[in-house]
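Only one structure is covered here, and it is reproduced in the block below.
Think of it as A, B, C, D and E in the order they're written, each chain with its own count starting at 1.
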Amino acid sequence: MLAFIIRRFAQALFVVVAMVVIVFFGTNVVGDPVWMMVPGDATQEQVEEVRRAFGFDQPVYVQFFRFLADIAQGDFGRSYVHGGSAIRLILDRMPATLELAVVALIFAVIIGLPLGLFAGLKPDHPASRAIMAGSILGFSLPTFWVGLMLIMFFAVMLGWLPATGRGPVTTFLGIETSLHTLKGWQHIALPALNLALLKISLVIRLARSGTREASLQDYVKFARAKGLSPRRIVGVHILKNIMIPIVTVLGLEFGSLVAFSVVTETIFAWPGMGKLLLESIQRLDRPLVVAYVMVVVLLFVTINLIVDILYSALDPRVRLAGKSE
Amino acid sequence: MSDVVATPRAKGEFARFVDRFLEDRVAVFGLGLITLIVLLAVFAPLIAPQNPYDLAKVDIMDSRQPPGSKSMDGFTMWLGSDGVGRDLWSGILYGLRISLMVGLLSGLIAATIGLCIGLIAAYFGGRIENVIMRIVDLQLSLPSVLVALILVALLGKGVDKIIIALIVVQWAYYARTVRGSALVERRKEYVEAARSLGLSHTRTMLKHILPNCLAPVIVIATVQTAHAISLEATLSFLGVGLPQTEPSLGVLISNGFQYMLSGKYWISFFPGVALLLTIVGINLVGDRLRDVLNPRLEK
Amino acid sequence: MTQPVLEVENLATHFFTRDGVVKAVDGVSFKVGAGEVLGIVGESGSGKSVTGFSIMGLIDPPGRVVSGSIRLAGEEIVARDDEAMRKVRGKHLAMIFQDPMMTLNPVLRIDTQMIEAVLAHDKVSEQAARERCIEALSMVGIPSPAERLVAYPHQFSGGMRQRVAIATALLHRPKLIIADEPTTALDVTIQSQILAEVQKLCAETGTAMVWITHDLSVVAGLADRIAVMYAGRIVEEGNVSQVLDVPRHPYTRGLIGSVPSANPLGARLKQIPGSTPSLGRLPKGCSFEPRCASASEACRAAKPDATDYPDGSRVACFNPYSLARAS
Amino acid sequence: AQELKIGLSSEPSSADPHFHNLTPNNAVARHVFEPLIFMDEFQRLGFGLAQSWKVLDDLTWEFKLKANVKFHDGSPFTADDVIFTMNRVPNVPQSPAPKTSYVRGKTFEKVDDLTIRVKTAKPEPLMLNHLAQIEIMSAKAAANVTTQDLNAGKGTVGTGPYQFVEFVPGDRYVVKANAEHWGGKPRWERVTFRFLKSDPTRVAALLSGDVDIIENVPTADAARLSKDARVTVSSALSNRIIYLHMDRHREDSPFIKAKDGSAIKNPLNDLRVRKALSMALNRQAIVERIMENEAVSTGQLLPDTYAGTSKKIKIPAYDVDGARKLLTEAGLLPAGFKLTIHGPNGRYTNDTKIIEAVAQMFTRIGIETTVETLPPAVFFTRASTGGPNRTPEFSMILAGWSAGTGEPSDTLKALLGTFNPQAGTGAANRGRFSNAKMDELLAKALATVNDQQRNALLAEATEVAMEDVGIIPIFFPKNTWAAKKGLKVTARTDEYTLAMSVAR
Amino acid sequence: MSASELVRVEGVSKRFTKSLDLAAKIANRFGAKNREVTVHAVDQVDLSISDGEVVALVGESGCGKSTLGRVVAGIHDASAGKVFWKGEDVSTHSDAARKDFVLGAQMIFQDPMSSLNPRIRAGEIVGEAARVHGMTDKAGQRDYVSSLFKRVGLDPDYVRRYPHQFSGGQRARIGIARALAVNPKLLICDESVAALDVSIQAQVLNLFMDLREDLGLAYLFISHDLGVVRHISDRILIMYLGRVIESGPTRAIFEDPIHPYTKALLDNVPKLEAKKRSFATIKGEIPSPINPPPGCHFHPRCPVAGPRCSREKPKETIVAGGRMAACHLLDGGVV
């Protein structure tokens, strides 16, 4: 177990370093961030001044060593655009993104699981076919497109839900959340649904194929031979088995939810870190991009770790020690 | 001795596979759709009334015309025109070419790379496998949008750049899948038989194991291609995808995006529909392939 | 004779597949009396398992019991609806499967899986149910059952798992247990442990048993009666010694002849030519006819009906072997 | 006495008014902080915290400050605060775009509590324009605070009509009414700025009632919104010019080739060609078809309502035949040539589409034009220093320029002045245009403190530059605001969105 | 060493070790208990097979039969001990000699489906190796394969079929033909008939016996079915948890088993003749080869075990009649 965690974090460290190097040198090749910082009517001397102030006049490797030296002192860089600690800026925005991703995940499960279960138990039922067709559609629809459609329909045309932004925020048990008010839920409903759409399809499919596979297994037949009620067979024997792949995949997909929030946050003006990343990329705000990569990779590694632990909790056959094979 | 064959199946495996595939009407529809779309894309220069990339042919006076309008050149723009006066139908046909090319080419290269790497990992095992699989894990632990986003931001715009980015985000899926099935195959006794018959590693790998790993590759290839096309569109929407001047479907959609609320729905809607049909078609086919090629669910 | 526990008459179970109708079971009849062990033997695909599942009412689409009657202690159970059948399953009828790795749900603890079986039919407290499980486990020879109960299936060896399955089947003291090759996947020494337990339990509880296997030697030692299946039909049925010592059906003879120990050491084995036919397209006449050395014109024309013999055996053959003919 | 919610199209990067000289930063800062000099919606100068000024001599200005002005924390506003502010401006650490240039060369002296004197090294005709850019902070409250502190509300204390409440990066900037304001209690109790970058999202937010006002109405929606009964739209011509810059410093320009791909002499050095290109542009079509009338075509650098502009400059007429004739005269037709226009994508409204339209028009006069747009950061890097020896890389670019000072001197100096880093001219001259006569006129203007004389000189300089086609001006976009019915936004040329401009 | 000896293994062991990686080692520093897992699949086994001899390897699952078979077939290299092919140590073989060994000892597998590549036609499955090794050329392959098909009783018309188009018995024959294609001297049959129905099993066993007669092949016949083994083999090795615990001529072992495990095994085999018998003469489970019991591996289940059995590994004792058994009873008793 401990070995496992060490392995995971060694990996994470490797990714972080690799990504940071790539991003650091990559952004440098792309363009000069100075042009994104100064106002449109900046004069040459202003530009040069800024360039000097930020050290862009130095060769990249000098900048990189400076960056490493700063890290050694616990300074992970300051945003060019915002000025503050880049990590801090990312972390400030993280709760909003995580909140969005978690709610999306919950949506995915509470919508996807029953539908998938149904489709798996009654594969030939017309409703099942409809569910599967819907899931293909859900798979295929580009997130950004759906996002706008949701806004058009629910916010602009029907006026039921707000189109943008996050509800009022409080800190509850040290976690910053907007979910304590109805307003918060109204705000999160559309973006979370948008983000969840793909995952709903995924859960439907996982649940369906899991159910179909599980229902063919001897243990289900044996359970029926024991005279168990269909409710118990589905609710305990099948469900517990399909939860294993679903939890695993969803756990891993949580990372992709966080990543896809870039799109959703942009459309719904959700104040999360995805939006910040996109803006930082466009503005070549290198410290922010680097910080984002560091934070997010660590986040993913942690999530993966949790998933693995959950997985072993769900599936007694798996022992973490043996996982590296 | 008079041996009676138990179940002589008259048809070859491939024919059976085709039969099974065609049983599902939805999948056939998907296949038809894809075929049609590919044909449209291939023959776009012959079909399209306008070369949307030829600026001598495109006129801003035609911009934002609703579906069915006549262009300055006299042809009817059945799907209307976009913000710079490009005939949308032509734009979509040419855009399909780019989107499909990006999707297929990146998928093909990624599949080839993934196939080789996965096969080597599974076959030789040990340290090689460990190293390869760690890299694959790393790659997979980072969501594809994110990697593509950062890569494209670093590489810059352009079809070649986006193909590279898409290869980078895809290969690991292939490698993992191939390794998974190659590991299963490797444990089968026919591999041992090949070893016992003194056949070389290369021969065993390529001739014996590889063909048995292709089924899942085909399945994920469809999914991945659809994903790649959609990802390209997403990147274009985020402004880091393909150049705007020779638009893929994603660029067309994203260009039309700003007109969504102003009632000029067609600029974004039709490319969106084209994208949707393409992806749905591929996914339908992929879905059926998954069912057909997965013997576990065979009744 | 007292009321048989199970009477199967003319049972036919067909699978309506894409490639046509598979007559997996096609007119099977047999009886099992209380405390009796019936061995059903036959080659792979001959319909043994389907027979067992038909009795349990566990045939899934595209399969269906198309005709025939199954009476459990005199009561017809073929036409019963799902809920009524569920009440019978596990309570009066139990089944054990071939692969001990697969019959227990890998993600649920043993106690969950056993207790739910008790509670499915009896309204007792969970504690009482647990005690019954412990009792059942100790009956099948599992040491320290109370501790083992909280384990997961993967922590058990194959033999242990099969014992758990048997214990589960025994929880309600069913009238009949159908055992579908429960020892095929096990090693010789473990198999014989299991066989010993089963023998003992049947004798103690008076539970009747249908033991499905393809291994003649196993039923030889275990069963009272043997039914030999071929291509969905029972071709010969009778007492163990009757069937094994003086088999009348050419298939039975061939089968027994194929067993090495029935042949002189080192000599070529007697063999039945050809292989089992596909159930999808059986010949019009006797299914065994293409492989049969003593086939006649009649065999090609129609399927033989079973003939009862005074010694209690039944044989479905136009040209049965008899001592008279042999001499 | 209500809450006003405003959707901004771009987000301020900080609540520190001196940190980042960007429109959104300045606009939100204007609510909390006030400069000595105000600019009205047409960027005309007026009194802010200064009550009056006097030019003592060419190098000395004296400002009287308003009395009885109080900071939000109740402390009085005095000359010390001005001095503090002026000292702070060049010393904001890590500032990506400091306002240093506005105070450079100026020495501020306190005369008494309500008087300050500014000394300059050379005549500074733009003194007032510069001071209008600098928000006065409280010497007491803002002493030793960092940009981060200001973001968090520590020391974010000004004299403005609104008090800082909070700044949530990525989400909102909130201010509330300052009842004690010297100009009277402001109209709104509370103002929330929401950051809605995506165009359709912003419009949707307005239509769904999430916000009351949006700025930067997308051109695509302006027409529809102005017909929508739920919405009122107001717009003002921007001080931004969208123009084409041409390579003038190379004989062999990398993105100009003969049709067969061989190298040719840079035709852009020929005035006839430049004229032809300008004539080939159907500016009106671009304004109508691409900008959907949210722009006004032009032939010079600022709308002629601004000081220092010339009434004589006409918009070059769209004349394909004339253009072809000029090209033929220059010996470039019938052969024609190939040209690539570069531009940013996403920096200016419809930028890519404009370039495509321009390319269409050039193609019609026989120049085979291709378009390449790049992400802004990449584009500006390469357009400014992408070539050998950090020279501009491209042959022709589309770019924009806004005259923050409200007159053309900066524009002339940066865009058209001969490139000379030492003298600070031609900073944004990415075509390396150079016209000695214009340089001379401009230099003269910049040393003239008298407004009228200066403006005449500037107008003349503009005429010279336009005659020589130093750049090809295309149009001025409009700044458009949309408000929910019942609200009225006074449109501003400087793109600032201010709660003070919103009336009921 | 007889002149006709084909293959001999001496003191061969095969261990499978899952070693620790760096992370696990670091974790151990912090007190985690990651241990290397070693499976002693085969533990110091001696075995020899002469030309034309049928040697059977019997034992319960996991006792290392297949692993030993693979070592003999040259698929696995032994972790310790030596393998001699025609009297020569294979580890010192030249390439050509190595090839002679690899091709000379051919394996025939249990699962008729998984041992045939589902995507290769029967003709190619059989003919590929012969072509690759130059025993036939592309032109001659057809005839070569046809003759092999006839040899194993398959219709040569079936060469273009895929494995799934054959019945189980036919697949087993294809597997045999594939092995015969490279002219082996020794066939290692790993449970080759276990998956077949009795009637088919009889056909295949007959084929094996025919081949032995016609081609003079030797066999290492791995099986857990004592009935089959008794019928076909000349000599038997009985394995328990990686060790050979008894060996000798078939007849002698069946008539007079020495080792208690052998006795138990023979008692537990269901027999056709034994009607209504009582089962189970041996208690306990087969222990795991990861943690084998100390001393004699069999002692926890042995009815006659004494204290010595749990301490000392029994010596392999040669008994009259070419027999060997490893039991303390033969060597000074169990106490």
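Assorted remarks:
Keep this in mind: a residue touches a chain if its C-beta (ideal position, glycine included) is under 8 Å from a C-beta of that chain, and two chains touch if they have at least 3 such contacts.
In this text the structure is predicted, and so the values were computed from the model without any measurement.
The minimal number of chain-to-chain contact steps leading from subunit D to subunit E is 2.
When chain centres are defined as mean Cα coordinates, C lies farthest from subunit D.
Looking at which two chains touch through the most C-beta pairs, you get A-D. Averaging C-alpha coordinates per chain places the centre of subunit B 48 Å away from that of subunit E. For the pair subunit A and subunit C, the distance between mean C-alpha positions equals 53 Å. Centroid to centroid, with C-alpha atoms defining each point, subunit C and subunit E lie 32 Å apart.
One inter-chain figure worth recording: subunit A and subunit D are separated by 38 Å, centre to centre, where each centre is the mean of the chain's CA atoms. Touching of two or more other chains is recorded for residues 200, 204, 207, 346, 375, 378 of subunit D. Of all residues in subunit C, those that touch two or more other chains are 273, 275-276.
With touch defined as above, residues shared between interfaces to two or more other chains in subunit A number as follows: 30, 148, 152, 156, 266, 282. Only residues 1, 3, 5-9, 12-13, 130, 188-190, 192-199, 203, 207-208, 211-212 of subunit B touch subunit E when the two sit together in their complex. Put simply, subunit A touches subunit E in their complex at residues 1-4, 6-7, 10, 321, 324-325. Residues 60-61, 167-170, 197-203, 205-206, 209-210, 224, 226-228, 230-232, 251, 264-265, 268-283, 285-286 of subunit E touch subunit C in their complex. Listing the residues of subunit A that touch subunit C in their complex gives 217-219, 221-230, 232, 236-237, 240-241, 244, 314-317. For subunit B in complex with subunit A, the touching residues are 26, 134, 137-138, 140-146, 149-150, 153-156, 226, 230, 233-234, 237-240, 250, 253-254, 257, 260-261, 268, 272, 275-276, 279-280, 283-284, 287, 296-297.
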